[in-house]
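Take a look at the structures listed below.
Two complexes are shown next, each including chain A; its partner changes from chain B in the first to chain C in the second.
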Partner chain A sequence: MKPRKKKSKRKLIAAAIFLLALHLAILLAGFVAPCPPAEQNRDFPYVPPTRVHFVDARGHLHLRPFVYPSAPRLDRLYEYTEARDQEYPVHFFVAASEYKIAGWLPSHTHLFGVDTPAQIFLAGTDNYGRDQFSRILYGGQISLAAGLLATGISLFFGVLVGCISGFYAGWIDESAMRVAELFLVLPWLYVLLAVRAFLPLHISAAQTFLLLVAVIGTIGWARPARLVRGIVLSARSRKYVTASRGFGASDAYILRCHVLPHTYGTLLTQAALLVPQYVIAEVTLSFFGLGLSEPMPSWGNLLANLQQYNVLVSYWWMFAPALVLVLVSLGYLTVANAFHQRLQSGSIE
Partner chain B sequence: MRRLGSLALFLLASIDSVALSAAPQPPQHGEELQITANEVGHYGGVLTVGQRSEPKTLNPATAADAPSREVIGRLTADLIHINRASQLTEPALAKSWTVSKDGRVFTVNLRHGLRFSDGQPFDADDVVFSFELYLDEKLHSPQRDLLVVGGKPIAVEKLNPFTVRFTLAEPYAAAERIFDSLAMMPRHLLEKSYQEGKFAQSWTLNTSPAELAGMGPFRLKQYVPGQKIVLERNPYFWKADRNKNRLPYLDELVFLFVGNEDAQVLRFQAGDTDIISRLSAENYSVLSKDASSRGIQLFDLGPSLEYNFLVFNLNDLAAKNLGEIAARQAWFGNLKFRQAISSAIDRDGIVKLVYAGRGAALWGNVSPSNKLWVDQSLPHPSRSVDRARDLLKSAGFSWKGENQLVDAQGRPVEFSIITSTSNAQRTKMATIIQDDLSKLGMNVHIVPLEFRAVIDRVFQTYDYEASIMALGGGDADPNPEINVWLSSGGTHLWHLGETKPATEWESQIDQLMQKQMVQLNYKERKKLYDQVQEVITANLPYVFLATPDILVGAKNNLANFKPAILEPTTLWNVEELYFLGGTGPPSGAKQ
Partner chain C sequence: MKSSAGAKMWSSMKYLERRVIHAVLLLVGASILSFLFSSLAPGSFFDEMKLNPQISPETVAALRSQYGLDQPLPVKYFRWVKSVLHGEWGYSFAYNQPVRSLLMVRARNTLLLTALAMALAWLIAVPVGVWVASRRGRWEDQLTSASTSLLLSVPELVLALALLYLVIRTHALPVGGMVSTGFDRLGSWGQMTDLVSHLIVPVTTLVLASLPILIRHVRASMIEVLQAPFIQAARGHGISRSRLLFHYALPAAANPLISLFGLSIAGLLSGSLLVEVITGWPGLGPLLLEACFSRDLYVVIGVVMASTLFMIFGSLIADVMLVAADPRVRTDYASERA
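Presenting the complex of A and B:
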């Protein structure tokens, strides 16, 4: 058992570091991204990812990485060659377009950049010549925030209903759990589509986002509620609960001090499971055009480009958001798995 | 016995489906066939075409949707036809026609000895019957509007079994063009249902092929719901090549229902279909990568006749509860505001990014490929954000804070553009325009809506601020555009339902359009229509954007393929198409 445990711990640390780094990069998207997300470079549609070189065309090694500018090919549209006449070194901490750190502190400093006329598109550009790398970072703000917020909403309602239901039992428990079952059997994708269709269309991006999050979050409360209820149900019949009740403790005190702590492990595992699920829910809605509209990026919007056959077969770098999405999901699931294992071994011991 | 009988029937049926399509009938004595100029081909072969959706009906007088008309057009024929390649009229079922001096009376002489696809003769009674159907107000035929000239329906009279006289209430320029695509229908099959008041329900997709006959190159063979519609050769078709081989060469024409454009491209790439039309530029470039190895040929026919435009809602909203939109109409109604927007839009960027360079920027409603009617002197001002800013400044707008445009009352300039989700290209245009206008400090939202919802908002509820739409593309002549430009017209989109022209320039357009409609001299008419185009570009009821090229493809071994920019772009000469290395018997119908 031991080496396996060690391995899972290493996995947990790797996943946690990856997730932390990614969330930080996304939070500081303005700093990490070289371009504003909506900036169109109309001369550079569908540029493949810019290659970062260390060795130049003459075979010389450079310590500082550099790029060659992309030059549109005259004979074929949307195809590019590297203009290898001059190297453009990658500079760090450069001043460029203004952005706000975490939506509040204005700044001009970007992590990296190159001098014009060269451009650095680490993940290529889309149809409008917008930098995909920047859009993935900014899009992550929307998609991850949606996932995290919706998870918060789900867990809040889950704990609330689960506690009341498990603690008071009886008809309250019966009716709450029947409602929860109803929510569990709902085909959530269709419900989301239906709910979104009822919402007004002329609303601002922020409102759309909040509505989306609220809808996704409220639909998902049933599973955590059932889990919490089970734990509360078993905890409330423990002897120390009866004892503290005997000492005159109020329901709230018992719940807070004796019952709820039992649910923390499960809640953490649930959170790690729900975040990627809700990120994907946001992606799905945006993919179907029901999420945020242009020019705001979200991972779902970015992936929606792949609905077009020509994009699917011609521009492989348009899959980049999918890769990030897979990595994020894997990261969260690894964390969830590790939590789960610890929880189980803890309860056995 | 009964079982034996059904077995025999079953056998008969299977023999029938194995048997080849009806062989072309040898020319009869006294039959006035039209001799075509095409290259002589072979008989045989099945041509398969992908269609995005199923036709709704096969009834020529009620069909309004493009897929239905595409199929019906192959099953039926008209009296006078617009040649899609030359864009000029030519005789079809009519052998010839004469026009009276005042341009009001058309005497049409029909070809003798022609037969419908069920072998029954065709004559003037069928013509009179067909026009009776088109003009019947109760049937709401979409063709009816065209046949009402000067407020009165065209009068149709049979002079003898092969001569029909059409009388118009007032002279009408290029009147012979209205006969195009008006399918002649068989009286012997439809009169009964018409008299019983059931005509609108006849000739549906489920009608048995025996009850459906037309004058087109093909006739109905089979309809498989959700899959395909199969047409077979009309053995009595009235055209022959110069070797007296009765057309069409093809045995069968199959329309496969494939869904969307991407599915169409995949089926064409896989070789399941022989022709693809209405290709987008991106898919054109996907196909062109391996065109030669797949044995396909692609054609870029140049700009289409359609025009895409941005339109602002200038409807009278007094009766509607749309206060917010009504308040913004003060901007939309300001000519300088519209001019500023037109000046800020990067049309070349639209052509490059939306049409992958296969299209043309537009500054007026007439496409540059419409050589006969486009006003070459119209200005093509290049994009200028500075000029746009000057225009806005002179109209009382100013900027606040970080480049936020505000009007004279200090309200920030913000509006939404609705587009149809079914058209990715127009949504892309909206995204480009959104970015262009953000440089002027305008805050533009894009609202993609389902197609019907867009139509409903634009035509019925007026609950929108701006929209990107497309019109035109039907014919090169100005007359079909009348509905768009007359202030009372049904597609006068920016301000529907005007009882009298709302502005000076709209009444000017009304007068000019009406004058050109009755002007029979081309040069005079062109002058009038040039003036119409000038008034339109000066006042910008629509901000014209761009027009895509017509892009089509076909298999290499398809001969006589001559795609044209007018609809139907690829199948207009389907009777002349044949496959090289033909599979059928050698050319020349044996006498």
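Presenting the complex of A and C:
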């Protein structure tokens, strides 16, 4: 049993580090991304990912990585070759376009960049020649924020209803759980689309975002509520709760100090399960054109390019946001799995 | 003896009766909820017409009142309930016909797709799950669990897009729709193969998306049973491995799987929306999406209600099967009553 536990712990740490790094990169998108998300290079649509070289055409090894500028091929549309006459080394901490760190601190320093006329497109460009790598990072701000906020909303309502329902039992419990059952039985993707359909289509980006988050978050409160209720119900009848009540503790005090701490493990596990689910929900809605609209990048908007068959078939780098999405889900699910295992082994001991 | 069997029968009938009533109440609740959501809508199908200078505002108002959209919510709801009882399920503004006839065709296509996918997924998941449970901890088990975790984190959307990419790149299969053009001119064998070739991409996506969960559940419940003393005893009697696994262990591990089976029936109508839209399968998914964009109120509600109906129906079936399969559930219920 022991090596298994160790392995699961190692997995948890690896996944947590990966997620932390990714969230940090996305939070500091302005710094990590070489260009702003809406910057267009009309001369360079559908450029494949720029190759980063260490060995030049003459066979010399360079310690500093470099790129060749891409040049459109004259004989074919949307195809490029590397112009190998001159190497453009990749510089780190370069000054370029201004942005705001995490939305408020202005700065021009970017993690990396190359001198003009060369450009560095780590994940290629889209039909307007916008750098996909930068757009994935900026898009992550929206997709991940949607997932995290919606999870917060779900857990908040889940804890609220679950606590009241489990603690006071009786008819409150009965009716709350019937409503929860109702929400569980609804096909959530359908409901999400339906609710979105009933909301106005043309509103500002910030409003759309908040509405989306609110809708996604409120639909999912039922499962956490049921889990919390179960835990509260069993914690409430413990002897120390009765004792504490005997000492004159108020309901709020008992809930906060003796009952709620039991739910933390389950809540963390639920959160790790819900975040990827809600990120995917946002991606799905945006993919269908019901989420945020262009030019705001979100992972769903980026993937929506793949709805055109020619893009799907010809430009494989347009799948890059999908890869990031898979990695994010994998990270969160690994964390959820590790939490779940710990919780179960804890309850057996 | 006989009377006690009769009492048990009666009590499980009673149990099912309660479940059915519960299901009907849930359905009513769901319909009220969808109407409440719909009342949040500031616009309606006829709002687009207001922008058209050739249609007078009076005409729009007349249309609205003709379809009952100017009525207060409770009136709209009861009119809708009446129309459901008449078998119409409301009226589609965009298609200009009762919603039910629309739903029937689309639901048939969706069911063809999802039922096939579900059957295939279970046919694969049960043997694989049983097999890896019997090899717990060895490389086969570890490989399977690694690939199920990986598959679990690939969203259906990405899965469908990736499969489409492969298929279009290799020109192996037709893409989009349910049948090729000129389907009517094909012979019955040709029609069959044409339909199947269109089914492959969406079915594969659905199977791949549902496999990891199914395999994990089969494995988990099998592992629990394989540790039980009666399996040790059976093994001690020298019963062959495959007989032990499929004849002794699997039935004992069936309970959670039956519940899961009910859940997959529940998801039959609603589980394939994404895949249908992406692969262009003419099921309920594209219908709902179109209706969402055009604000075709009763179509949206109809589709949501149809899939909710399946959800509830599926969990009901799971309950019935559980009662039928496991005497413990019956006696539990009987003792609970007594």
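Just so it is clear, the second predicted complex is superposed on the first by the 349 of 349 C-alpha atoms of A that agree within 3 Å, B and C clash if a C-alpha of one lies under 4 Å from a C-alpha of the other, contacts with A are read in each partner's own complex, and residues count from 1 in each chain.
We take it that a contact is a pair of C-beta atoms (placed from the backbone, for glycine too) under 8 Å apart; a residue touches a chain by one contact, two chains touch by 3 or more.
Keep in mind it's a predicted model, so treat the numbers as computed, not measured.
Trainee: In the overlaid three-chain picture, which partner chain does A:Y128 touch, first (chain B) or second (chain C), both, or neither?
Mentor: first
Trainee: Could you say whether A:L63 touches chain B, chain C, both of them, or neither, answering first, second, both or neither?
Mentor: Neither: A:L63 stays clear of chain B and chain C.
Trainee: In the overlaid three-chain picture, which partner chain does A:P295 touch, first (chain B) or second (chain C), both, or neither?
Mentor: First partner only, chain B.
Trainee: Have a look at where A:L74 lands relative to chain B and chain C in the superposition and call it first, second, both or neither.
Mentor: In the superposed model, A:L74 contacts neither chain B nor chain C.
Trainee: In the superposed arrangement, which partner chain does A:V195 touch: chain B (first), chain C (second), both, or neither?
Mentor: The second partner, chain C, only.
Trainee: Which partner, once the models are overlaid, touches more of chain A's residues, chain C or chain B?
Mentor: Per-residue touch count on chain A favours C.
Trainee: Which partner does A:A38 reach: the first (chain B), the second (chain C), both, or neither?
Mentor: In the superposition, A:A38 contacts chain B only.
Trainee: Please indicate which partner A:V313 is in contact with in the superposed arrangement: first for chain B, second for chain C, both, or neither.
Mentor: Both partners.
Trainee: Classify the contacts of A:I280 with the two partner chains as first (chain B alone), second (chain C alone), both, or neither.
Mentor: After superposing on A, A:I280 lies in contact with chain C but is clear of chain B.
Trainee: Both chain B and chain C contact which residues of chain A?
Mentor: 201, 309, 313.
Trainee: Which positions of chain B touch chain A when the two form their complex?
Mentor: The touching residues are 262, 265-266, 280, 282-283, 285-286, 346, 349, 352-353, 356-357, 416, 421, 424, 427-428, 430-432, 434-435, 438, 445-449.
Trainee: In their complex, what parts of chain A are in touch with chain B?
Mentor: 38, 40, 42, 45, 77-78, 127-129, 201-202, 204, 289, 293-295, 308-311, 313-314
Trainee: In their shared complex, at which residues does chain C touch chain A?
Mentor: Within the complex, chain C touches chain A at residues 26, 29-30, 33-34, 37-38, 40-43, 149-150, 152-155, 157-158, 161-162, 164-165, 168-169, 175, 267, 269-270, 273-274, 277-278, 288-289, 291-293, 295, 300-301, 303-304, 307-308, 311-312, 315.
Trainee: Considering only the defined contacts, which chain A positions touch chain C in the complex?
Mentor: The touching residues are 178-179, 181-182, 185-187, 189-191, 193-201, 276, 280, 283-284, 287-288, 290, 303, 306-307, 309, 312-313, 316, 319, 322, 325-326, 329-330, 333-334, 337.
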